[in-house]
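For clarity, chains are labelled A, B, C, D and E in written order, and residue numbers in each chain start from 1.
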Amino acid sequence: MLLQVNSIDVYYGSVQALKGVSLEVNEGEITSLIGSNGAGKSTLLKTISGLLKPASGSISFMGRRIDGLPPENIVSLGIAHVPEGRMIFPAFSVLDNLRIGAVSRFNSGKPKKEVLKEIEEDIERVFSLFPRLKERKNQLGWSLSGGEQQMLAVGRGLMARPKLLLLDEPSLGLAPYLVKEVFNIIKMINAQGTSIMVVEQNARMALKASHKAYVLETGEIVLSGPSSELLKSDQVRAIYLGAGVEQR
Amino acid sequence: MAPKNAKTFTLIAAGVVLLFLPKFIPSNYQMTVINLGGIYMILAAGLNVILGFTGLMSFTQVAFWGIGSYTAGLLAVEHGFPFLLTVPAAAFLTAAVGFLLGLPSLRKLKKFYLAVTTIGFVHITRLILENWTSLTRGADGLPGIPKPAIGPLRFDTMHEFYYITLISCFLLIWLTAVIKNSRVGRAMQAIREDDLAAEVMGVNVFKYKVLAFTISAFYGGLGGALYAHLVGYISPDIFTFEEAVTVLCMLMIGGSGLIAGPVVGATLLTVIPEWLRFMQEYNAIIYGAAVVVMAVYMPTGLVGLTQPYWRRLAVLFSSAKKNGGTG
Amino acid sequence: GAAQELAPAPKTFDVGFPVEMSGDAAITGDLQRKGTEMALEKINAEGGINGVPMRFIYEDTKGTNPGAISAFNKLLFSHNVIMSFATVRSTMVHALAPIIKENEVPAIFGGSAWSLSELEVPWMFRVRTDDRTVAQIMAKFMVEDLGHKKIAGLHDSDAFGTGGFVETAKALKEMYGIDVLTEQKYSTGTKDYTAQLLAIKNSGATCVFAWGTRLEDDAIILRQKAQLGLEVDFVGSASYSSTPIRDIAGDSVNGIYSAAGFTVANDDPLVQEYVKEFQAKYGELPDENSAWTYSSTLMLADALRKANVIQVVDGKPMMLPTKEAREAIRQALKGVRDFKTPMGSYTCDKWNNMLHEMPIIQIVDRKDKLIKVVSMEPELE
Amino acid sequence: MTHILETKAITKRFGGLVAVDSVDLQVSKGEIRGLIGPNGSGKSTLLNLISGVYPLDGGDIFLNGESVSKLSPHERAEKGIARTFQNNRLFPSLSILDNIMVGMHARTKSELHHTLFRHKMTKLEEESCRKKALDIMKFVGLKRGADYTAGALPHGERRLLEIARGLALEPQIILLDEPATGMNPAEKEWMIELTRNIRNTGITVILIEHNMRVVMEVCDRITVLNFGRKIAEGNPQEIQTNPEVIEAYLGEEEPEDVIAG
Amino acid sequence: MGFVYALSAMGIVLIYRTAGVVNFAQGSLVMLGAYVATSCIETLKLPMIGAIIAAVIIMAGVGAVFQRVAYYPLRYAGIIPVVISTIGVSVFLNNGVYVIWGTYPKFLPPIAGSGTITIFGTSIPLQNIAIALMAVALLFFQAYFFNKTWLGKKMQAVAQHQDTAALMGIKVSRMITFTFMYSTALAAIAGIFAGPIFFVSPGIAQILSKAFAASVVGGFGSVPGAVVGGIFVGLVETFGAYFISSAYRDAWAFGLLILFLLFRPQGIFGEPISEKV
């Protein structure tokens, strides 16, 4: 068990966004989280990465309690979060955005030189995944197109070489072929040993790519199970996969 | 219905208290403080239009104050204009200056560049008032500005002057409320929130920025004219950058963009230093600390505290986003 | 007055003093208060005003006119003082003048702008030499004693500096037909005077007179003058002889002349006694800031005693009603003649100026050296 | 046939990068025009050129045969060009109602002097604007109270409010930049319907969208950009089968997955 | 003179770049730096170099406290509440120094001595040369620091987006503290250089508006801009005062600033103002 979320409650002021949510992410697996707008998916990811504190319940990562830790410590433990809304550093170039994604790796205890070398290698890897970014590598973050920013956000998440990668709607605003590409990337890095938790509106692709899935509705987990089963479930098909598609 | 009645009742009660206030305040000293506070309130209300509604950081209010008080003072002393003429003349002339200043600077300058330009304008205005001796009598200042008289009515004492302050403050604050809820006011607020979005929605951003600047100059000029008649003597050394900062603090601590913001802020920042007088040489230190504390605990201003939680959050959110803007 | 209705006197006889306690002029305010407090000790040791101790109530002007107005109003209407001091800053005195006039309170002020006399407010008494007189003294000194004909002027562009410059230039012109070679101004708080000093250097002047308001400005001017190697006779207004200037301007202060209101180098025994006491009490040398408040407080106490504002009736101190008291004080102040103080001997002239002698000093080795003492011939009514 | 919107060889450069490269576009009145293309192909930039946010580096833009290239954004808005933004740009601390009423700015006239002297027009205008605003809210499907603060709305409703604000302008043409991103299937469904409803009121629509299901279902014609150039144009069937488009944009396999999303 | 503005402007620009804060207390911090340096010399009897180092260290500590009190609680609150709170701090400091150091101005000896050297017939105080060298050295240091070091990058990341920076594993509050310590240390250096010229009194705090002017001329947010802007403002006011009228000294600086901005609204080194839509 890599990550265990134990019946957490999360509030924004007096509004409760998560109600007793529990879930588990297994080592080496892709876990997907689906649900309508405002269900609390992003809130859950933010709570895991420490941006929000649960009012009650607990979260443990590799057997260690992490709820209450500040986000920077959680990152150092090996959880990277690609947040909703991209959050590119506007005044940094593409390269600097990628580099800054790797700063937590200096805490790993490896000699600095080695880390630096790895970082440059990883930048090349991200560029090979998203050639577009390479073309724009010295452009400042704010001036990138929406989709370019999205690619950069995902790339920056990879730069942390996390044990667990939290992806919040990684395919948002990407061209169709890139949507597929992003899921290929997800599968690929998973195959290389990174566990992944992905939030997606594109439920079909998410379910196809993942091992296990949870469905979140108004702050509560309403369904969970192996993705392949959920994909077949009538309930899921009706609500999240878009009934219209089936009729065409 | 009940809460609405309660609100009307409070407003009427407050009105009555304000109307008879001089009866309860025998001291000339306190009345002076109230009158000065009223003038600051007018300045802050003017700043509210430009900063609170339109979102442009400006320090010019104090320069407009100077221009207005000199216009009124010179017209009264040198040309014997009556009060009823000096005040509008000062207000409109200052508005014209504001308009002319706004034309070039608002077209291009953004954010902090504009703010520093207005700081420059404050320094330049003070220097001109001080050195253009043939017009302003220079650093000696201008004594002997008569107390207001409207026909047979005379306003010689602080207690009598109070009614002029009261009426002016009431009208001018009410005016900001009218502006805020009008088409023009909405356009200004849209500019504050996102000037580009406002522009593509059909708002002539430049025009309304200049208008807001002009209105704030009008307020500054009017406040200045009242000040000149209240004190009877003006000199260039009053209109300093420090005073500009004070007016800014008043608005922010009261709550910028909110109608009651200038009222609360000006009252508070006029009363607190007076109240701190007993601390003698420590008063300014404590005042500074108080400003920090208020900013820290009430970032949306005091009046902001009365707003619902989510609205406050949205306000904070929007200003935070601006802060994060492009590098 | 025979049938005046007296009321029991208060525990202390309170005099108001709006003074700079914060802002950048706090330094002079501080010195002024040292002067009054020292005088009070003396007065009260001698039984105060006919048995009632005298006390000062200070209110901060915050260095601004609106601040001074509310401070003054607070003194008048919250502390109900019978009379008050009214600051050294001429523009502030101007701002206070309408209140003084309207409320008919005797007020002693230090602002030196001649324009204040032209207000002709009978309640206002000036206890420092006015600019016009100082200007004439300066002009005379530069031309007659130092023998200069090529003279330049440097001044703060505030009311004090401008007024002083204009009066000096006028005196030079009227008395000796000399035109000032160049007029150089600066605003209070300027940090770099290179431009002004260079202009003076290039004008070929052999002597500069300077009217400055702020001590730090004066000190910077002197330092930069030394750095630029501007070797001319330098005659400064009173602030150029203040105590702290020697510490901060260092050796560049040496050699300058100043038409000081006061000097520790004066061997008048009253001055020497004052210097000794001041040093004992505060551990520093006094300068004009404290001397004028000290001297005028002594003078005031004397006038108050003579005015019989407080009388002892049946062993109890009784006081005149406010209005009468104020009139009596005014009369007493008007009647001051030849009252000896460390500032010289005060005589009230027809303009309500308390004229007194004026020393001219040179600073040598950072110490005052008395050059001469100029006496006045007051125009009496 | 006259086109409501026509661009002739419009070009935009950012430093060395040609973001929009000599694009010709002809949009007929009442059409829903899709604008697709890979990320960074210049779609948003094209909208920015049409709405006047960026100045042109070359070419000319016509609205109803009349050149608008020299007009400022607010003048173009007055002429009837409305738009939404790819990243929400609402007026966050204003209410829903005020957001929509700012949209009506160009269609109303009350200046300060009217307001101050309580001109009759002002009152009538305010009344009718308020009513219209409520109608528009209903039209786009915003169910919340009109006084709710825009900044506190969830994502989906913000997108609707932005469209509402654009419609308040009573535009001839509205430019929508990825209105359906981040929406769930049900909301996307509504987006499709809303787009059609807008067109049915006589407003021409230009729609940027990466979701093929939305694009294919709703657009009359589609223009495809790549590297700032127009590479294809046609009806949805033609575009879907155009090899160049497939290569540059749609990708080869499993189209149904992508389309479904 | 220009270089003193430059040094103060650098502090302002730095804290803007790394915390997004427009610091109205920078002038007062410069003043405090000068006071602290004076005390190190007078009271602690430290030698010049020791005093400078001590003052810089003490001021860095002040920066940490300043940050904690007046900025950290407001870090999400947007720019204007922070401006107000820095204004409060400046009022506090400008008057607070009287309590500790009394009302007399103090004299801080120039670190380069009071000698002058003669270049092309004009004598230039050594102190001015030292200031210029310092400004240029700091300029290069900062350029290196921000563009080449990880710490510099981390600080900038925090300025741009705090939450995201935290998600990258950057210790946000520590970076903010560093930033403030660094910029108050800069203020201390400016104060140490300004002290001998201005004398140590609250009057020093008034360089704030000139420092703002300098930072804007140079292009707000640009470190070389701050230096160039400072020199520009210094030169303009000296020449304006000399050739036109000394009374309008401040007016020349600001007048030209305004004119300049009308033609180049983004300052000398500023990015052309534009935003992504």
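Points worth noting:
Operating definition for what follows: contacts are C-beta pairs under 8 Å (C-beta built on N, C-alpha and C of every residue); 3 or more make two chains touch, one makes a residue touch a chain.
Please read all numbers here as calculations on a predicted model, not as lab measurements.
The minimal number of chain-to-chain contact steps leading from chain A to chain C is 2. Each of B-D and A-E has its own count of C-beta contacts, and the greater count is at B-D.
Note on chain placement: the centre of chain A and the centre of chain B lie 50 Å apart, centres being C-alpha means.
Between chain C and chain E the centroid-to-centroid distance comes to 38 Å (mean Cα coordinates, whole Å). Chain A and chain D, compared by their mean Cα positions, are separated by 30 Å. Multi-chain contact residues of chain C (touching two or more other chains) are listed as 22-23, 26, 157, 185, 187.
Of all residues in chain A, those touching 2 or more other chains are 90-92, 142-144, listed in ascending order. Along chain B, residues 127, 130-131, 196, 281, 284, 310, 313, 318, 324-327 each make contact with two or more other chains. Put simply, chain D touches chain B in their complex at residues 51-53, 72-74, 76-78, 82-83, 85, 89-94, 98, 101-103, 105-108, 110-112, 115-116, 122, 125-126, 149-152, 165-166, 169. The part of chain B that touches chain D in the complex is made up of residues 175, 178-179, 182-184, 186-187, 189-190, 193-194, 196-205, 211, 215, 257, 310-311, 313-315, 317-318, 321. Per the touch definition, chain C reaches chain E in the complex via residues 22-24, 26-27, 29-30, 157, 184-187, 189-192, 194-196, 198-199, 214-216, 219-220, 227-229, 244, 247-248, 250. Listing the residues of chain E that touch chain B in their complex gives 20, 22, 24, 69-70, 73-74, 76-85, 87-96, 98-99, 160-161, 209, 212-213, 215-216, 220-221, 245, 247-248, 250-251, 253-255, 257-258, 261-262, 265-267, 271, 273, 275-277. Only residues 57, 104-105, 108-110, 112-113, 116-117, 119-121, 123-124, 127-128, 130-131, 196, 241, 245, 248-249, 252-253, 256, 281-282, 284-285, 287-296, 299-300, 316, 318-320, 322-327 of chain B touch chain E when the two sit together in their complex.
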